[in-house]
Each structure stands twice: as C-alpha cells, then as structure tokens.
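Pasting the structures in now, so scroll down.
Consider the two complexes below, in which subunit A is the common component and subunit B and subunit C are the respective partners.
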Partner chain A sequence: MAYPLQLGLQDATSPVMEELIQFHDHTLMIALLVSTMVFYTILTTVTSKLTNKNMLDSQGIETIWTIAPALILFLIAMPSLRLLYMMDEVNNPHLTVKTIGHQWYWSYEYTDYKNLEFDSYMIPTQDLIPGQFRLLETDHRMVVPTDSPVRMLITADDTIHSWAVPTLGVKMDAIPGRLNQTTFVVSHPGVFYGQCSEICGANHSFMPISVEAIPLIHFEDWSTSMLAKI
Partner chain B sequence: MSLQKPVMRGLLARRLRFHLPIAIAIGLTSAVSFKYMVTEPRKRAYAEYYKHYDVNKEFNAMREAGVFESVQPTGK
Partner chain C sequence: MGNGPIRKRNHAAVQWQGKKRSARKRRGFKLLGILDVQNTPCAREALLHGAGGSAVAGLLHFLVTSRVKRSFDVGFAGFMLTTLGSWFYCRLKNAKLRVQQRMVQEGIKNKILYEGTPLDPTNKPRPSGPS
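Then we have the complex of A and B:
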C-alpha cells in the first residue's frame, strides 16, 4: 500500500502489475537518457561563446535528430503494445464480482452461485480503531480468492466513478448505463486498498475500495457465512 | 608580420563533433546506471520474494495478527 514519501509505484500484487512496473522502469530509463542529453546540450549552449545571427541549417544533424527519436519511440511502443495485448488476454475467470459505484460508496455483488450483495462504506475517522488506516478502511471488504482470475464488472448508479486498486494494477471507470469489464489475479493473501478515481461529488475522496485476498478454501467459508447472515 | 587568418568555417560542425559524443555518453551512462541500479535489482527482488514464498505460513501469520475480517484468528 502507499507509504509516506513514496516516489514510485506501489509494490505489485498481481502479475500484470509486475509487468507494468517493469515497463515503467524501461520507459523511465529512456526518459532519463533523453533528459540528461538535453540537459547537457542546454548547459553547453548557454555557456557557449559562439554567436551567429544568421539562420543555420544542417541536413546531417536534422536527419539524426529525426531518426533517433523515431527509434526511441519504437523502443517504447514495442513493450507497450505487448503489455496492452497481454492485459486483454482471455483468462477464464474463476469468479465474477460486480461492483456498482454510488454517491458515495461501492456495492459488491457475487452472483455466480447465489445472490450475495453488500455495500462498502468508508469507516469515518472518528470510528477507526488503532492500527486501521485513515480514509482507506471500509465496513465491508470485497473478498476474493488468491491465485484465481477474477472478473470485475463495473458500473455506476449516478455519476461516473472509477474503481482502482493500484497494487493490483486495476483501474476502470464506473459509468452509468455502461458495463466495463476488467480482470485481475491476486498473487498472495493480504488486504489491498484503492480510492475512487473519478470526481463524483462532495465525498469523492471518501469512498475507498478495500480488497481482501484469502486462499480459496477460506473464501468458500466466507461466502457461505455471508449468505447465512442475509 | 601579418596575422594568421582566423578559422571562420565549420565552427558548428567542430563543436558538434566535440559535444555530441559527450552528450550521448552521458545519456547512455545514466540509462545503463538506472538499469543496473534500479531495474535489475527490482526484478531480482520480486523473483527472490516469490521463490521461497509460503502462502500458508504468510496467510496464517496475517490471520493470527487479525489482519483479515473474513477469517478470524484461531488463537494458536
């Protein structure tokens, strides 16, 4: 999850997010290469004693600084497209969870076998117990099994919201009248947090997402106990 | 004694021949340094983390610590 003075992306908890982090490192490396070259060039230009009031042209340098950026963009585009198509692969989800964005909470529906539905409201700061995270905890967490492809069907009831969990590499807009689909696999058990990522009114910052990933056998026990409560 | 005629031509080309290799070298050095100081250690860290990862051990430790709401601690 996020931590103070964090500079980079959150640690990955899904294979897709690991790939995204590697792609980000690759692109940042290229950005660093270009930035240092440009910085050095600016530094030498600004401190140069050479002056020329006439227009200059040079076919050689123009050719170089047209072909080189094109090559650099190609080196960025290739892994980018590879990852884009990888994220779209059919992966036969074991479970489908529907989430609906409301003002200002999320609701989750597990309708694969029986109808399990619940709302997920943020726990107000004054009601937190020691050890809980401010603005991230919810009264009911979305529980999923680990190591299982999960399909999320996302929509909204009123305004546009966005369901995002950075550590899983998931972000998908929740749009009224539209059903968006995304999938993820949680690599290891734990609790993972996200926040609504599309401005949706006064309490947009106060409708977080918390995902609890547990082994499949315990997930089955949980869903049975939740259904018994309803 | 007459003065030698100063060089009036090819100044930009001379400057580029001097500075361009330095600029490219600096760019490549920073990119390679980033790759071997950040990117590769990160890949190794992830591989190392999952190589000896014991799901049950980690899950039970989190469970006993009371992290989860869907499963309660067993008290063991």
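Then we have the complex of A and C:
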C-alpha cells in the first residue's frame, strides 16, 4: 500500500497492474535516456568554443533527428496499445458488484444471487483502533474472491465521483445517469485501499475505498454472514 | 508531544499486506531521483552494460584518433545505444518468461480442477478392446 514520500507506483495485486508497471518502467527508461541525451547536448553546446555563423542546413542530422524520435515513439506506442486493449478485455467475470458513489460514501450491491447491499463509510480518525490507517479504513469493506474475474458496474447518485484502487490498477468515473464497467482479478488475498478520485464536495477526501480479497470458500461464508446481519 | 494512544502494529493488518519483512523491497538507489535501479527489472543490467559500452567505445575512439572531446561524444553515444539495446533485449526476454509463467500457472490450476474427471488432459486414451 501507499507509504509516506512515495514517488513510484504501488506494488501490483492484479495482472493488469503488473503490466502497467512494466510499461511504466519501459517508458521511464526511454524518457530518462532522452533526457540524459538532451542534457549532454546542452552541456556540450554551452561549453563549446566553436561558433559557425554560416551553417544553414545539414541533411544528415535532420534525417537522424526525424527518424529517431519516430522510432522511439513507435517503441512506446506498441506496448501502450497492447496494454490499452488488454485493459478492455472482460474475461468472463465470476461475480458482478455494483458500486454507487454518494456524497460522501460508497455503496456496494452484490445482486448475483441474493440482494446483498451495504454502505461503506470512512471510519473517523477519532474512532480508529491502533493499527488502522487514517482516512483509509471503512466500516464495511468490499469483499471479493481471489483469482476470480470481478466485474464492477460503477455509477453515482449525485455528483461525479471516481472509484480507484491503485494497487489493482483500477480507476473508473462514477457519473450520475451512466453505468461504467471495469473488470479486475485480485491475485492474492489482502486488504487494498483507494480513495475517491474526482472532486465531489466538502468531504471528497473522506470517502475511501477498501477492498478485501479472500479465498472463494471464505467469500461464501462472508456473504452468508453479511446477509444475516443485514 | 501528543497524548494519543501508542499505535501498536496490528498483526492482522500486517498479515494482510501479503509480504514478510524479509521479502520487503530494498530501498533502491534512484537514478536522478526517478528510476529505482535496484527494484526495476533489467534496469541495473542495462545501466551497467551501458557504462561498459560507453567506456569501451570512448576509449577505443580516443586510442585511434586522440581526440578527447569527440571521444566523449562517441562514448556517450555508446552509452545510449548499449543501454537501450540491453534494456530492450532484457525486457523482451522477461516478457516472454512472464507469458510462459502465466501459461504454466493456468495449466497447474486447470490440472487441479480437472484431475480425475473426463476433461483431465493427462488422461491417456484407453486402447480399444480386442477386435
């Protein structure tokens, strides 16, 4: 999960996020090399004692610095497009969860088998128990089974919100009157946090998302216990 | 100084992180403050190959031409080319390995699911009876 002064991405918990991290590293290395080259070029130009007032054109270097950037962009675009289409695949989801953004909480509906619905409010800082994370914990987590494709249908009740969990590589806007779909697979069990990612009012920063991934057999127990509670 | 409760580590919360302490990522060296060289696959190898290629190219050029500035330029070009070449080669190899790893994982999962059933791919077809 996130840690203070973090610059990079969180560790991946889904195959899509693993691919996103790979693509990010790939593009970052290219960007780093291009930046190094530009820096070196500026340095040599500034420290050079040569001045040539009569240089008008140079076909060779013009050709190089036209083809080379095109090639670099091609090498970035190929994995980018591959990943873009991979992220759009649906992959026969085992479970569909509907989430609705409200001001200022999320509600989740599991309507595949029985009507399980609950709201997920942030736990206020003064109510946290030692070991819980400030501004991230919720009273009810969205629970999903591991290694199972999950379809999320996302919408909102009032203003635009955005459902995002960085470690799963998921971010999707929740827009009133519109149903957005995304799918993800959680690779290993754990609790994964996210926060609302679209400004939605005074408590925009205080409507987090927490997803708990557990093995399928325990998921069935959880849904039974939730139905009994609610 | 606050008077709040001392925060103890929640063991369950730590367990849910899915990592043991020993397996936690090392604090990597960040090149230019951006690229985490130790924890990014292929980065360390690519940069080391680049450094080596740069040194070799620059030195060879200098030995042949005795031109210092141009040798630096050649060395830099060697660094760029060697780093990029090593990076792409290593990433391509890793990508192929990842694909194979996923196929193997899928195969193991399917084997467990279908073992003992008619769909088990390891079931050898029984020889037909006597004619």
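Assume the second predicted complex is superposed on the first by the 226 of 230 C-alpha atoms of A that agree within 3 Å, B and C clash if a C-alpha of one lies under 4 Å from a C-alpha of the other, contacts with A are read in each partner's own complex, and residues count from 1 in each chain.
Operating definition for what follows: a residue touches a chain if its C-beta (ideal position, glycine included) is under 8 Å from a C-beta of that chain, and two chains touch if they have at least 3 such contacts.
Just so you know, these numbers come straight off a predicted model, no measurement behind them.
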| item | value |
| --- | --- |
| Combined model on subunit A: subunit C and subunit B, fit or clash | clash |
| Partner chain(s) touched by A:218 [first = subunit B, second = subunit C, both, neither] | first |
| Partner chain in contact with A:4 - subunit B first, subunit C second, else both or neither | neither |
| First (subunit B), second (subunit C), both or neither touched by A:132 | second |
| Touching partner for A:29 - first (subunit B), second (subunit C), both, neither | both |
| Partner chain in contact with A:44 - subunit B first, subunit C second, else both or neither | both |
| Touched partner set for A:141, first subunit B, second subunit C, both or neither | first |
| Subunit B versus subunit C as contact partner of A:177, first or second or both or neither | neither |
| Partner chain(s) touched by A:190 [first = subunit B, second = subunit C, both, neither] | both |
| Touching partner for A:61 - first (subunit B), second (subunit C), both, neither | first |
| Overlapping segment of subunit C (options 39-47, 57-65, 93-101 or 111-119) - the one that collides with subunit B in the superposed model | 39-47 |
| Residues of subunit A contacting subunit B in one complex and subunit C in the other | 18, 22, 25-26, 28-30, 32-33, 36-37, 40, 44, 188-191, 212 |
| Subunit A partner contacts - residues on subunit C that touch it in the complex | 5-13, 16-18, 25, 30-36, 40-43, 46, 69, 73, 76, 80, 83-84, 87-88, 91, 94-95, 98, 102, 109 |
| Residues of subunit B defined as touching subunit A within the complex | 11-13, 15-16, 19, 22-24, 26-28, 30-31, 34-35, 38-39, 42-43, 46, 50, 53, 55-56, 58-59, 62, 67-71 |
| List of subunit A residues in touch with subunit C within their complex | 1, 7-8, 11, 13, 15, 18, 22, 25-26, 28-30, 32-33, 35-37, 40, 44, 75, 129-133, 147, 188-191, 212 |
| Interface residues, subunit A side, partner subunit B - complex | 12, 18, 21-22, 25-26, 28-30, 32-34, 36-37, 40-41, 44, 48, 50, 52, 56, 58, 61, 140-141, 143, 146, 187-191, 212, 214-215, 218-219, 221-222 |
